[in-house]
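Below you'll find the structures, each written out as structure tokens.
The same subunit A turns up in both complexes below, where it pairs with subunit B and then with subunit C.
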Partner chain A sequence: MLEKLGLYFSFPFVRYALIVGVLIALCSSLFGVTLVLKRFSFIGDGLSHVAFGAMAIAAVINLTNEMPLVLAVTVVCAVLLLRTGQNTKIKGDAAVAMISVGALAIGYLLMNLFAKSSNLSGDVCSTLFGSTSILTLTKTEVWLCGALSVVVAIFFLFFYHKIFSVTFDEDFARATGTKAQVYNLLIAVIIAVIIVLAMNLVGSLLISALVIFPALSAMRVFKSFRSVTVCSAIVSVVCALIGILLSILYGTPVGSTIVAVDITAFILFTLCGWLLRRRLA
Partner chain B sequence: MKKLFSVWLIVMLALLTAACGKVAETAETKKPAEAGKTDIDLTVLSSTMVYSEVYNMVSNPENYLGKTVKMSGSVATFDGEGRTYYACIIADATACCSQGIEFLLKDSYRPEDYPGVGETVTVTGVFDRYYEGEEVYYQLIDSVLG
Partner chain C sequence: MSQIICDRVSLGYDGNLILRDLSFRLEAGEYCCIIGENGSGKSTLMRTLLGLKSPSSGTVTFGDGLKPSQIGYLPQQTAVQRDFPASVFEIVLSGCQGRQGLRPFYSKADKALALENIEKMGITPLVKRCYRELSGGQQQRVLLARALCATGKMLLLDEPVSGLDPKVTAEMYELIDTIHKRDGITIVMISHDIEAAVRYADHILHIGGDLFFGTTEEYLAKQAAIGAKPGGTESC
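Right, the complex of A and B next:
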């Protein structure tokens, strides 16, 4: 097996996939904790469908590099979703559901009406489930993913305390002078960036798993925000690495293999948490 | 924690730079093509790897021109311009996407030696480029079956 791994590592796209996969997994797990605690777990799902719709538009207008357009549309929708949630009658889960299914349907419709590829179902399937997307990135996409991941990680690092206060008690944060609305907006933009990046790793239907599973796993064992965040980041990175390696070794789809490893980690952490509570009781 | 994170990020960026800095060649493609020698053996790779490598061959063909490629897949045919084109098709792990490379058997093969549609074959040939009008296509020439 090690010999086979050695052979696979000689392929540049495997090295790119591992590095980009680790960076994406790290970013998604950092903000996953915030999303789970703020009860926004499904925003990721909604935005990933928006990204799918944007990708369809990019395919229809035959863009060589679709990521800038997809990123712009997803960020705009993330901001709109947040504002819509605050100012209009359509709120919370209804707004997310509306945007989610709407974008998915329009995206698929556009791809069908203006199909450029001879393998439409293949393109759709690949985008939804990310079968090998992470292994077929161009060098430009690798750099873009790397740069965006670094921006996201730096944002989290430098605004850690603000994110912490906005996540736990928005009213208290506002009362102590924190501009909660601005930070919520920034978090929404960052989430949109993460979603677009994560589409390459696990596909648009499986993104929520990448965002929430590491956070939920860490919460089974740890209780403080910091320990949960650190544990979540480690779990996410390790699961992504194992998932990518398993998928290239055994020829399984990358996205669903990573999610399967995430589910296994969640079960293990739940067992650990249960054992720890029993010992303490 | 900030220090730890910063160090980790720098390490990842350094790795990214190192990974991207290399010429986009595989270990197999580094050696020049020799007679009777396979430069890229896709038959020893997992299906995910095969799909990704063929995707790269189709997207960045310049890196693979002149290399002897061995691949396994199912046969598909396309009719046009007074002849039938044969391709070796491989599917990805979800079986929803497929990539293929056209192949042309050696002159010693007769037309009836070409395999039927859907048959699983192993083809070894030299990755080459040809033009039809203004369009450029890629195929395995001087291919042998088995």
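Right, the complex of A and C next:
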């Protein structure tokens, strides 16, 4: 088994996949806690469908570099969705569902109408489930991903206390002089960036899992915001690592394997939490 | 100069005015209860005072060295907060956030202030506990300690006793009264409980129906004059 792994790791693309996978898992889990608590668990799913729609548009108008367009569209949608939790006419979950389903449908429609490749369902499948894109990363993409992850992590560290205040009680934060809207905007932009990044790893459909599973697992056991955040980051990274290794060893799809490991971790943490409560009671 | 001056303020949503031409002023160290029926605009008025919402017309001015961001606020609890994984200390400390500016971390002084306010609220043994595992009364004390971290001058409380049992309610009122008397903090409280309002507050603001602002004695005299017992016209 170790030999087999050693053999695979002699290929640079496998090493790239591992590095990028772990970095994206780390970034998505950091903001996962905030999203779950703000009742925006499904935003990952919604935004990734938006990114899918944008990719379809990019394909139709023959853009060679689709990244800027996808990123711009996703950021705008993220800002619109997260702008305010309370005073919008269409509430959080409904708005996310609307945008997500709408973008998916329009994207698929466009791809169908203006399809250039003969293997349409294959294209759609690989965008949604991210089948092989993680194994075709170039060195530049790895560096880009690494740099963005560092930026996200530093941002999170520096604004950790502000993110906490804004998540726990936005009204109080605003009333006592924290610029809550600015931070909400920043959080939305960063989440959009993470999702566009993560699409490369697990594909649109499985991004939600990367965002919410580690956070939910951590919340089963830990009780302060700091410990939940730290734990979810660790869980996410470990699960991504195990998932990628397993997928290499057994030739399974990367995204689905990572999510399967995340689900297992969630079950374990739920059990732990239950046992802890029983012991205390 | 007064701490808050409301000048002919009208409030409403989407062009529907729920409150017209409200004028009053509050001096430092006063204790004012806002009473009125459900939907009369009590919470909206409070949000306006906090600068979370702008009035449809009229102005709210702050004086006496009070900045809008120096007002402590005890909001009604939201569903999100009830199952939020955070320790008591983390929440109380977040009351200092408004003064942070761009500084990323809390200073020693902030932490000391948080501990001091936790002590004042009598919840020192709970400092490491998880917020969502506390009782309703304990949670209110935590939020009150957080509000105190944000202010040394004025507290706005939005129905601080809703959902608490009678014993805890009485303790809560006593606690607020202590903050008011000992620290000289101006209190503005929304309440359904006229009896407690009359007992603790020195000013009453009644909104919805007939507007009234004056001292508690004037309010009682007015109620007596129209032949109603205090609280007799109200129902929760």
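Operating definition for what follows: the second predicted complex is superposed on the first by the 273 of 281 C-alpha atoms of A that agree within 3 Å, B and C clash if a C-alpha of one lies under 4 Å from a C-alpha of the other, contacts with A are read in each partner's own complex, and residues count from 1 in each chain.
Throughout what follows, a contact is a pair of C-beta atoms (placed from the backbone, for glycine too) under 8 Å apart; a residue touches a chain by one contact, two chains touch by 3 or more.
Just so you know, these numbers come straight off a predicted model, no measurement behind them.
Visitor: First (subunit B), second (subunit C), both or neither: which does A:Trp274 touch?
Guide: Neither partner.
Visitor: Could you look at A:Arg226 and tell me whether it touches subunit B, subunit C, both or neither (first, second, both, neither)?
Guide: both
Visitor: Is A:Leu157 in contact with subunit B, with subunit C, with both, or with neither (first, second, both, neither)?
Guide: Both partners.
Visitor: According to the contact criterion defined above, which of subunit B and subunit C contacts more residues of subunit A?
Guide: With both complexes superposed on chain A, more residues of subunit A are touched by B.
Visitor: So in the superposed three-chain picture, is A:Phe114 touching just subunit B, just subunit C, both, or none of them (first/second/both/neither)?
Guide: neither
Visitor: Which subunit A residues come up in both lists, the one for subunit B and the one for subunit C?
Guide: 157-158, 160, 226
Visitor: List the residues on subunit B that touch subunit A in their complex, please.
Guide: It comes out as residues 1-2, 5-6, 9, 12-13, 15-16, 19-20, 22, 24-28, 44-53, 55-56, 59, 92-94, 96-98.
Visitor: Give the list of subunit C residues in touch with subunit A in this complex.
Guide: 47, 50-52, 67-73, 75, 78, 80-81, 84-87, 90-91, 93-95, 97-100, 104-106, 128-130, 133, 146-147, 150-151
Visitor: In their shared complex, at which residues does subunit A touch subunit C?
Guide: Contacts found on subunit A: 37-39, 157-162, 164-165, 168-169, 171-178, 219, 222-226, 228.
Visitor: Note which residues of subunit A are touching subunit B in the complex, please.
Guide: Interface residues on subunit A, with respect to subunit B: 7-8, 10-16, 19-20, 22-23, 119, 121-123, 125-126, 129, 131-132, 135-136, 138-139, 142-143, 146, 150, 153-154, 157-158, 160, 226, 230, 247-254.
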